[in-house]
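Chains: A, B, C and D, in written order; residue numbering restarts at 1 for each.
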Amino acid sequence: MAVTKTAPRDQAGLDAETLRAMYRHMLRARLLDERIWVLNRQGRAPFWISGIGHEAVQVAFGMNLQAGHDWIAPYYRDLALTLVLGMTPRDHLLSVLARADDPNSGGRQMPAHYSCRRLNIISTGSCVGTQLLHAAGTALASRIRGEDAVTFTSCGEGATSEGDVHEALNFAATRRLPVIFLIENNGLAISVPWEKQMPLPNVADRAMAYGLPGMVVDGEDPMACFRSAREAVAHARSGEGPVLVEAKVLRLTSHSSDDDQRRYRDMSELEAERQRDSLVKFRSQLIDLGVLTEADASALRTELTAELDRAQEEAEAAPLPDPSTAMRHVLAERS
Amino acid sequence: MAVTKTAPRDQAGLDAETLRAMYRHMLRARLLDERIWVLNRQGRAPFWISGIGHEAVQVAFGMNLQAGHDWIAPYYRDLALTLVLGMTPRDHLLSVLARADDPNSGGRQMPAHYSCRRLNIISTGSCVGTQLLHAAGTALASRIRGEDAVTFTSCGEGATSEGDVHEALNFAATRRLPVIFLIENNGLAISVPWEKQMPLPNVADRAMAYGLPGMVVDGEDPMACFRSAREAVAHARSGEGPVLVEAKVLRLTSHSSDDDQRRYRDMSELEAERQRDSLVKFRSQLIDLGVLTEADASALRTELTAELDRAQEEAEAAPLPDPSTAMRHVLAERS
Amino acid sequence: MAEITFLKAIREGIRDEMERDASVFVLGEDVGAKGGVFGVTEGLQNEFGEWRVLDSPLAESLIAGVAVGAACNGMRPIAEIQFQDFILPAVDQIISEAAKFRYRSNGDWNLPMVVRAPFGGGVHGALYHSQSLEAIFCHVPGLRVVAPSTPYDAKGMIVSAIRDPDPVLYFEHKRAYRAIKGEVPDGEYTVPLDGARIARAGADIAVFTYGMMVHTVLEAAERMVPAGFECEVVDLRSLRPLDRDAIVASAKKCGKVLVAQEANLAVSVGSEVAAIIAEECFEYLDAPVMRLGGPEIPAMPYAPPLERFYLQTPDKVEAALRALAAY
Amino acid sequence: MAEITFLKAIREGIRDEMERDASVFVLGEDVGAKGGVFGVTEGLQNEFGEWRVLDSPLAESLIAGVAVGAACNGMRPIAEIQFQDFILPAVDQIISEAAKFRYRSNGDWNLPMVVRAPFGGGVHGALYHSQSLEAIFCHVPGLRVVAPSTPYDAKGMIVSAIRDPDPVLYFEHKRAYRAIKGEVPDGEYTVPLDGARIARAGADIAVFTYGMMVHTVLEAAERMVPAGFECEVVDLRSLRPLDRDAIVASAKKCGKVLVAQEANLAVSVGSEVAAIIAEECFEYLDAPVMRLGGPEIPAMPYAPPLERFYLQTPDKVEAALRALAAY
């Protein structure tokens, strides 16, 4: 299966505004993510699991989905996606600091367990792979009612070893449900390299087994990601059934703040990956293309940093959940 | 994927003795299976789930595996397979009548839940698909110890929707374990036709997704089955990893004695399938080829019927389990 | 009022709700043309079409997980698991996902979904078509678990379960399907999902039970009458939450308690009932709490003598009641 | 004798058995180069090679199901589930298959396999890295379930579990890994898989508990001494089978009973302990049985105030003990 890529000096048919928006989304997610790492290292946030290196494809999908209309069953690295759809740095900092007003879970779940009813982002737990079946379910509901909403769902390549993932692909394909399955393949499941996880390097090859279109896209190439996302969403929305997209992405951080990848990774390889960071490359590419100036880029960083500072301030000032609320929302509350 | 078939007047490189043995095994299984249906209809056996229509491929594998050396994780339609490997009509009639001496389970499990320690046929429960992971496990054990035993496992096409089946294929493929996965595709899972079960008609197409060799064989063609089985076993034994074989078979009976397929099947289609019964076709084929005479065939039937009569007599005379044994074998018994 | 079977009562409840509410749909193995292996959904696909009575692939985690997603998106799925024994591949979706969805989203999401499954033995179903596995789910906050024993409750509780905004596991004793008949009103009614039912009033021995065992216990209770003992038979019906007040009230009233179930005893519904009584009725008991249940074997065997060994019978219950009476 | 951590005790037990018996091998997510997310298997892959310390794909049903098959074919697998919370996808393989293999084959097959998993909370693990789900398995005949609380028992019981001819679920409280240290003999020894341990002798109140709660309870018990109350603290250790004799003996001796656990209460190990006491100690009790456990919420939340709300502390245990003492 060929990997979709963009030639260095190609705009891939995307206008300047779209390209700038993509860059803005990517940078915004990255700055937030880095800020959370800082909070973690400062001992103010006990846990973080990062999306750094995965942003491009998430931004691409976020921009091609209809927020609040389509259905989203994401996974823990999808910070950038949630931001594009309409969640805010403040929302996630509330979560990172386990504040009562965290819209994801009211401080009940670990950070990066996304949920937003308003945006049809359904609540995600920690058990990897389960959300693909939920996505088949939201899409089935849309199909039963004859609505044109599509469902987007994602997971890592490691999670595709779970039986639920097969069950979801098989069912969605059999019933031609409007689901976009995105596999964010960073080649690692915590410490386990893909070679011990699966027999072939491309998860998208499995699309054939289900009679689905499969695509592999270079996750370090935002424009290629955008085109693949547009095509995948259009396919799902056309009623032709699901589509399986695999993005080759980089895990530029340890698995989570509890992990230390130096124990099991070749550091020179990691260094090489850092050189391929899509955010850095995309910035130069846009500047080369004349879509962005150095000044734009630095103004943008200033603006986003200010937003982040404000968000952090607000989140820090917000109260923790009151212990008296711990028993709430187990079942419907009868009044 | 092409379906392996044999031309009508071809012996497919098989000598007369082998062909006669195949026919004998098929007929023996069929006669036993029919006898059990009679016992069921007479109210003497509360349950049966039949292998009628699935025999050819099972016989083919049974003859190509090394009984007592290779490992077997079968499913409930594999009556013929167990007979070829060395279980007897008496064994299974003891089970059908829930007798204490039933080697499968001592009358504890429903009939057709096969087990025979002596023959490395590991105990099967009722939960479909789980045995494929057990098969990966027996094969892993062989691999760890560097032995050349292969593991054979089987299930229906319906069972392939279970997550465990994916997990087993993925793991066996990743670690190149010596497993033969046989899918006995009869197009139905109880009442559910394959079109509602899976997106594509061939389960073997999924082999590609795991980088495995996949084969589809005509399950009504015993010689083609034999060749596929020989090839599959050789592949697994060579250390090249697993292989996925799909046999297109016919379910010529209701799902089980508790089911009535007239509720959900087109009767004319079923009649047409009955015309394709491999046992009938194989008999004429062997007679045409001069490998078998009418007289041989009827002598064989007489011999096998006599064996069956004896087996039934013995099974009927055998005692039921004593209730005092019900608490035994929960855990190891400490003496 | 018509006298109908337990099975038909469930079907009527499902049918009425499907007619009333377009968001209700059925999902499971063989639920369509075959109408389920026991016939509970017979005729529904003809009436409501393929998409509202959907034959799923053979995958229980799928059935539960798809129900979760569909419930997020405005539907009220009724997921059928062919036998309760086969619910185990769906345990992760039920316990990790369904039970925790509301809580983990701080009340933002809720899942109006029902998971139905036949349980129990005595039908030559052997190890995998006879189990009573409800204890596993009764441990888990965020779920409701019910097991009606009469056609009246079967219909009223399936309707309540479908309308409930949270996941309800609805367990049907497979021996009750055709063996138990009873009067069921024609119109719409509901039975609450959290109350026990006094199946027989008495003041001497309180018996707590559920499912098909209710009928076994009632038979045994009648046998105690000539000797002058009136048993109070409490049909728990709701296994999570248990109706603590009703349990405590009957236990205090009678002072002697038998807990009887088909399921294995260790860490079971019966354990919890006994524990509640041990906590709350200390000063009211005239005898030790007694429990009857499945023996310590992994599941019911096939051979009739072994199956009989496993099952509770009126005789065994009667023997326990006599022992309690004599204490 | 060396003083080592709970974690190291487990590792030593595994390592010794792997050296002694070539059929012992480890299978699980990240058990190789990383040595497991908590480090229990650290160094073992280097010592024993890739095939005896095998990084599995990310699939728990696989881990358990492959262990079943390998155990059939002469091996003694030690399957690691990364967190007990993630054992749920493996429930079918454990309960339908592992627990029933010996019984359903009438003793022909047996499965010498261990499933290890860290459980329990108090580490900011939130809903899915804090649960105590052992009750589910304690219901099921055909399994052994243990949860040691000291390094001595951890090593002795992992060795026993590996040598046992039947499936053993071996649950490790994740907070104990580094927090609990204790003396462990250098040589080979075993601790039986079916006996409770008196962690502290006393005659006034019997407390039944297990896992990390043993240490919480011991702390609370010391606080009762000045007031003249000596608690007997029973570390259950073996959760299936429970050591019925030890439970009954301590309950009878003290006459007052507290059952304390981190897990949710309904239909739990604590329910069973209370039920056993209700059955067997009727004439010996001086107060109602009291239970302390996780509140009725699906799992431990993340935010520290909520997590604290969930957890049992020495203060909460002490309050319960004082209430019992005053009864």
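Assume a residue touches a chain if its C-beta (ideal position, glycine included) is under 8 Å from a C-beta of that chain, and two chains touch if they have at least 3 such contacts.
Source: prediction; values computed, not measured.
Summarising the inter-chain layout, the chain whose CA centre lies farthest from the centre of chain D is B. Two chain pairs, B-C and B-D, are weighed by contacting C-beta pairs, with B-D ahead. Look at where the CA atoms of chain C average out and do the same for chain D: the two points lie 30 Å apart.
Mean C-alpha positions place chain A and chain B at a centre distance of 45 Å. Chain B and chain C have CA centres that are 37 Å apart. Per-chain Cα centroids separate chain B from chain D by 41 Å. Across the assembly, chain A contributes 105, 107-109, 113, 125, 127, 161-164, 167, 170-171, 174, 196-198, 330 as residues in contact with two or more other chains. Multi-chain contact residues of chain C, defined as those touching 2 or more other chains: 57, 59, 61-62, 85, 88-89, 92, 96, 100, 103-104, 127-128, 141-142, 296-298.
On chain B, the positions that touch chain A within their shared complex are 161-167, 170-171, 173-174, 195-200, 205-206, 208-212. Only residues 61, 85, 88-89, 91-92, 95-96, 99-100, 103-104, 127-128, 133, 135-136, 138-142, 240-242, 264, 266-272, 274-275, 277-282, 285, 287-291, 296-299 of chain D touch chain C when the two sit together in their complex. Against chain B, in their complex, chain D makes its touches with residues 25, 51-52, 54, 56-57, 59, 61-62, 64-75, 77, 89, 92-93, 96-97, 100-110, 141-142, 144, 164-166. Residues 29-30, 32-35, 37, 55, 57-59, 61-62, 85-86, 88-89, 124-129, 295-298, 301-306, 308-310 of chain C touch chain B in their complex. Interface residues of chain A, counted against chain C in their complex, comprise 71, 73, 102-109, 113, 115-117, 120, 122-123, 125, 127, 130, 132-145, 151, 163-164, 167-168, 170-171, 174, 328-333.
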